[in-house]
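Heads up, the next two complexes both have subunit A, just with different partners, subunit B and then subunit C.
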Partner chain A sequence: MTDDTQDIIGDYKYGFHDPENSTIRFDKGLSEQVVRDISELKNEPEWMTDIRVKAYRHFEERVMPEWGNCALLDSIDFESITYFLRSSNKTEKSWDDVPDDIKNTFDRLGIPEAEQKWLGGVTAQYESEAVYHSIREDLEEQGVIFLDMDSGLKEYPEIVKKYFGTVIPHSDNKFSALNTAVWSGGSFLYIPKGVHVEMPVQAYFRINAKNMGQFERTLIIADEGSSVHYVEGCTAPSYSTDSLHSAVVELIAMDGAKIRYSTVQNWSSNVYNLVTKRAVAHRNATVEWVDGNIGSKLTMKYPSVLLKGEGAHAEVISVAYAGKGQHQDTGAKVHHLASNTTSNILSKSISKDGGRSSYRGLLQVTPKSTGCRSKVVCDALILDSDSRSDTYPTMEIGNSTSDLEHEASVSKVSNDQLFYLMSRGFNEEAAMGLIVNGFFEPFTRELPMEYAVELNKLLELEMEGSIG
Partner chain B sequence: MADEILRVENLHVSVEGTPILKGLSLTIHRGEIHAIMGRNGAGKSTLANVVMGHPAYEITSGRIYFKGEPLENLEVFQRARAGMFLSFQYPAAIPGVQVGTFLKKSVASVRENPPKGREFRKELNAAMDQLSMDKSFLSRYVNDGFSGGEKKRLEILQMLLLQPHLALLDETDSGLDIDALRIVAQGINEVAVDSACLIITHYQRLLDLVKPHYVHAMIDGVIIRTGGPELALELEDRGYDWLEVTA
Partner chain C sequence: MMYHQMPIPPRSEHLWRYTPWPRIHPTKTDDVPSADDVIFSNDGPQVLNSIQPSQDSQGDIARAFLQAAGGSSSQMSLNDESEPIHINARASGHVAVGHLHLDVKGSAVVFLHISGEPEWVGLHITGNLHPNAHLAFGFINELDSNTKFLRCEDWQLDRDSSLEHATLSVGGFRCKSDLRTSLNGTGSSVRQSITVNADGSRHDDKHVEIHHHHGHTQSDLVMNSACGGNSHFIGTGLLTIAEGANKSDASQVFRNLLLSEKARAEAIPELEVLADDVSAAHGAASAPIDRNQLHYLMSRGLSPEEAQSVIVNGFLYDAFSNLTNKQLLEEMRTRLTVHLECELKR
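Showing the complex of A and B:
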């Protein structure tokens, strides 16, 4: 699977090949026709085609953001990207039916094993679409719907139509417009009233081809009093040319519901990761974003929560690791739109080997939202003098009855810490690894143990061989 | 004569160009407890740090030998693995790293045949019991938000687990109440049976509980007088001025 051309069969311009063939690949580049072709290929209802086309037109008109890393954003060549690639004709319910090479990839990523041990359901997306999907029977019996988004649209069009784009309209930003135009795959998850999903459900996103664009679309609805923990992971092979991952994730937590959404993003350093994630929390609902960004060339992602109902609560815990050639522009946005809503934001970043991490945050309390409480903590750790960290916090506080705290710190690893650890037998790399793992601990402890272990290993690897 | 563990020969050390140690010599053998006493700024902590290899201290002349081998080419972690241990006056906090994980990893990197799994836990439990440490310590972050006394106990716990050949104890007694002091002293006495101990202190009270074989009085970067335990009592009683006069 090192050369993406070998397993590409389809060559039909702007469209799909003989349906007998197992693979469809669109030509590079984007046009209204490509957008229509994607919709047609998927046999979508007309309203979805219309939304896509409208979004495409908006994308064309919309200028690039004039903030963030403009130089990198402007270097994206939208014409060199493949917008749709089907690797397997069906979304399988058994790993045995997934094509061997793809199954091997997910085996190597440990997904089937994790599924057996501790997950309530799994979606595995490869390029543009889900190749595998399953959910535990007991969850299905309780009415939980967990599908890839394409199947979700087919089987539950009325729910999708009701909520799709309501949290993140296509016109929200240039990349939400792009995603809405060409979306494919992603998860559709609905938790019925009062159902508590005890085991996490997971989606895994894999880009395999060169110059690939992955545009998954996720919609999670937790009905009144229900709860769920959704986990996503993502990786891609390293190529010298760039790929684009631009997802849109919409969460809706009804009254008293709780959604936790955990991400461990480890894209290869040729991937642009430009993702819009936003949640609505109704009365007494809780939304938690647990967001880890380790990979990618440029990530711009600011998980948001609209606290719409009284007593709602938002929690955003994020970490970013910016190594060589990486810029992690991440943060959080919380809008207190109702009274007595509360939020906690904890952001931690590490910059190393010339990497750059930026925290961009927005905290808004509207004038009528009284008695709100919020705490924002931003900690940056810079490991060498080539690296950089910036903080761009914005606060819009509309009344004086709210209680807000903001703390920010930038630190370096102290010689005292290194000397102490080395006097206990740790070499410099191991000592750095411990300090870095410790710095991220408030994040890793929120992850399921298996992910925490994996993340710590990953960070220790990042510390290796780079200290001189 | 027992095995020589540490030999310091005419050591001169500077920090950022300022001379601190000015020709210090000292030899410690296995099974010996040495105490160094002196005023603040005499260079006591410098001696402990430079023996352990702190990068901020520059040796301008003289040498240090550990078990007969010169130390200068060994990095700090190699010194630890060779059997040197420093109980810090001000141990650094490592936020987010749990004591239990830290101890396990440290023991695994320092000891030659480190105990594993159940064996390690057994040893750890015994050592913690001995130091009257609650098991909840293990899930706290290393020295993060610890009281002075808790930090010192954790240092001694590490010493017990790492089983060093040379223990350098830098003002381990400061900030301890009498009960804690007794517990810490018991730990030191246990390690001291089979290793070499260098205790840096201002006060006699630890030396009531840990009997030194030699007491050294240090003034302005050199050892000005060496004696038995009675010297410690005399220093406690008379201070250091009389030594300067007689020097």
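Showing the complex of A and C:
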């Protein structure tokens, strides 16, 4: 790595990049032909090509969102992005078969090690497509399907056709249209009735090339009475030009099923992270989003849950760290569409060095959904005078039998807490670090152990030099 | 910018999300009807002078419309006033518009009662609070239940001034209020209480903006609504703390009590904080009447209607509890009690 690159990267741990070694690379820019070419290259069924083309046309027609950080959104140059890049010709099942340079990357990210230890399954995506994928044999025997999305479409077209785009239609927003048009990779996970996947299932997404768009598409279906925990991590090297990550994640929890989806997003600070994540929870189902946002230049991500069946429950725990030049526009949306549904949202954010964090949430109770309960808590810490924190919550309550609460606070680190810790022998920086770790603790305790350790380390790195 | 040059605001702006401009405009949006005057009167010695209304619309379509529509325009200068001042605003006819400006240099208590049976009424209230001025302002909306009502307020607070602002909103069929306060001087503070009792198919949309432009400023907003029938209440708040406005202290609380199955309420208390050494918090809650409270009161001999009325009264009373000016507090609570008793007898 050159010194210049190091300057750009700073302390960003995953800022390395391997020499780009692609087997197929599309020209920059987007057109209907590019969309058709991606579909043809993947040998997709005609119905998928049609969906892609329809989505592309919608993307072209749809205006940019008129809310949020419009200045940053308008600076995205869709013509300078590469929409498809294949790094390896096939998805490898054995770690030994993965090309060396990609393997090096994932070794540095700790993927195989994690799998050897205890993870239920792993898929790793490099640029546009999955390059490594593995699932434990006992899960395979139980009928669990865990594939990259392209393989899922090839091997289980009927399931994909039934559920694809049902939770997030291509017309949902401009970026879901873009994703539907050019999606590549992502995870396809199906848990049969009554199967409980004890170990977390993991995916890792990495952008390596410059001006690259990553558009993974994830579809998780937990059939009746099943349960699964899916974990996702994201990194990218730092370049002076920007990359775009625009994923679509659809979760479907059938009656009595439980899905927990954990993410720690640590994109480098030149990535636009514009993601649509939504789940449907049927009767007595539970969906939990555990969402950490540390990296990226601009993140706009509002994990949502449609509580469609009576007794369904949604839980969203999210943290955001906005450092220099970053805007973390995150939040949660819960739609209570059935009676006696419940939800909890906990959001925590820290702004530092001129960073901006925004909570944007929606809590909706429809007129016919009686007896719903919900609680939303947002806490924000601002660590210096250049930073900013916003809260934009919305509560729409359509009937008189529901009980909803929202509370939010914005403050700086308490001098009393700092003083207390420093009187116990910590220097100011260590004391501040402890307080920040404690502030995020309700989030980290919900993560698998290795991710929690990782998150704490990342925060430590980010917090370095925060005093004085 | 003049009204005709302005685009219709999109619904993505939360100010116009639930009551879009075409729904509150008296006719069609490209029309500016010739407005009758809202008649302001005052029984006391203070003089209401006619003035030219302000031409600063702040880029807001509602303010620009009220300026374009004309109507009456009055100003009252207030120094240290020993007795509360009651200003009556009477509206009638098809479309009526009034502008009122208060220039406050001492301590005063002012009540503005708006009543009448116009089809549509628009009111633009502006106020300047000079250094060390203190104003307790009560707004009582007792318009006819078929009236559409648009109300805009702009308050500018200078150093060490304070505004206590209370609203009792019980009249009108469709109401849209956009109330803005700027804390421009160190030590300035605003306490704002809004009480809404909605019934039938009443639609009441209250938007409150409080901008902390300076440090050591304080704001406190409480908005309580009780919604019955098919009514719909919307409370949106925007609280901003500017860069460098350290030691600002701001809080917003929105509470909705839903009394019937078809009543609806929305709460959007927004915060934008650009300074670090501040205390800013907001809370929102929405719930039905507690059955245990109803049961307790009914076991003491109250009918279900009386028990509900007692609970609603207590709930709405509570919105005024952050007020410190006794005259303002008592007058607002008295008005509220009278209104609820009349409701109960109906």
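Definition applied: the second predicted complex is superposed on the first by the 445 of 468 C-alpha atoms of A that agree within 3 Å, B and C clash if a C-alpha of one lies under 4 Å from a C-alpha of the other, contacts with A are read in each partner's own complex, and residues count from 1 in each chain.
Going forward, contacts are C-beta pairs under 8 Å (C-beta built on N, C-alpha and C of every residue); 3 or more make two chains touch, one makes a residue touch a chain.
Quick caveat, the model's predicted, so the values are computed rather than measured.
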Would subunit B and subunit C fit next to each other on subunit A once aligned, or clash? fit
For A:438, using the defined touch cut-off, is the partner it touches subunit B, subunit C, both, or neither? Pick first, second, both or neither. first
Scan A:163 for contacts with subunit B and subunit C and give back first, second, both or neither. neither
How wide is the angle at subunit A between subunit B and subunit C, using CA centres, rounded to the nearest 10°? 70
Does subunit B (first) or subunit C (second) touch A:394, or do both, or does neither? second
Just to be sure I read the superposition right, which of the two partners does A:78 touch: subunit B = first, subunit C = second, or both, or neither? neither
Greater residue coverage of subunit A in the superposed arrangement, subunit B or subunit C: C
For A:410, decide between first (touching subunit B), second (touching subunit C), both and neither. second
If we overlay the two complexes on their shared chain A, which of subunit B and subunit C does A:422 touch? Say first, second, both or neither. first
In the superposition on the shared chain, how near does any CA atom of subunit B get to one of subunit C? Answer in angstrom. 16
Within their complex, subunit B touches subunit A through residues 52-56, 75-77, 79-81, 85-86, 88, 90-97, 102, 105-106, 109-110, 141-142, 158, 162
Touching residues of subunit C toward subunit A in the complex: what are they? 10, 12, 14, 227, 243-244, 246, 256, 258-288
Give the list of subunit A residues in touch with subunit C in this complex. 65-67, 367, 370, 380, 382-412
Give the list of subunit A residues in touch with subunit B in this complex. 414-417, 419-428, 430-431, 434-435, 437-442
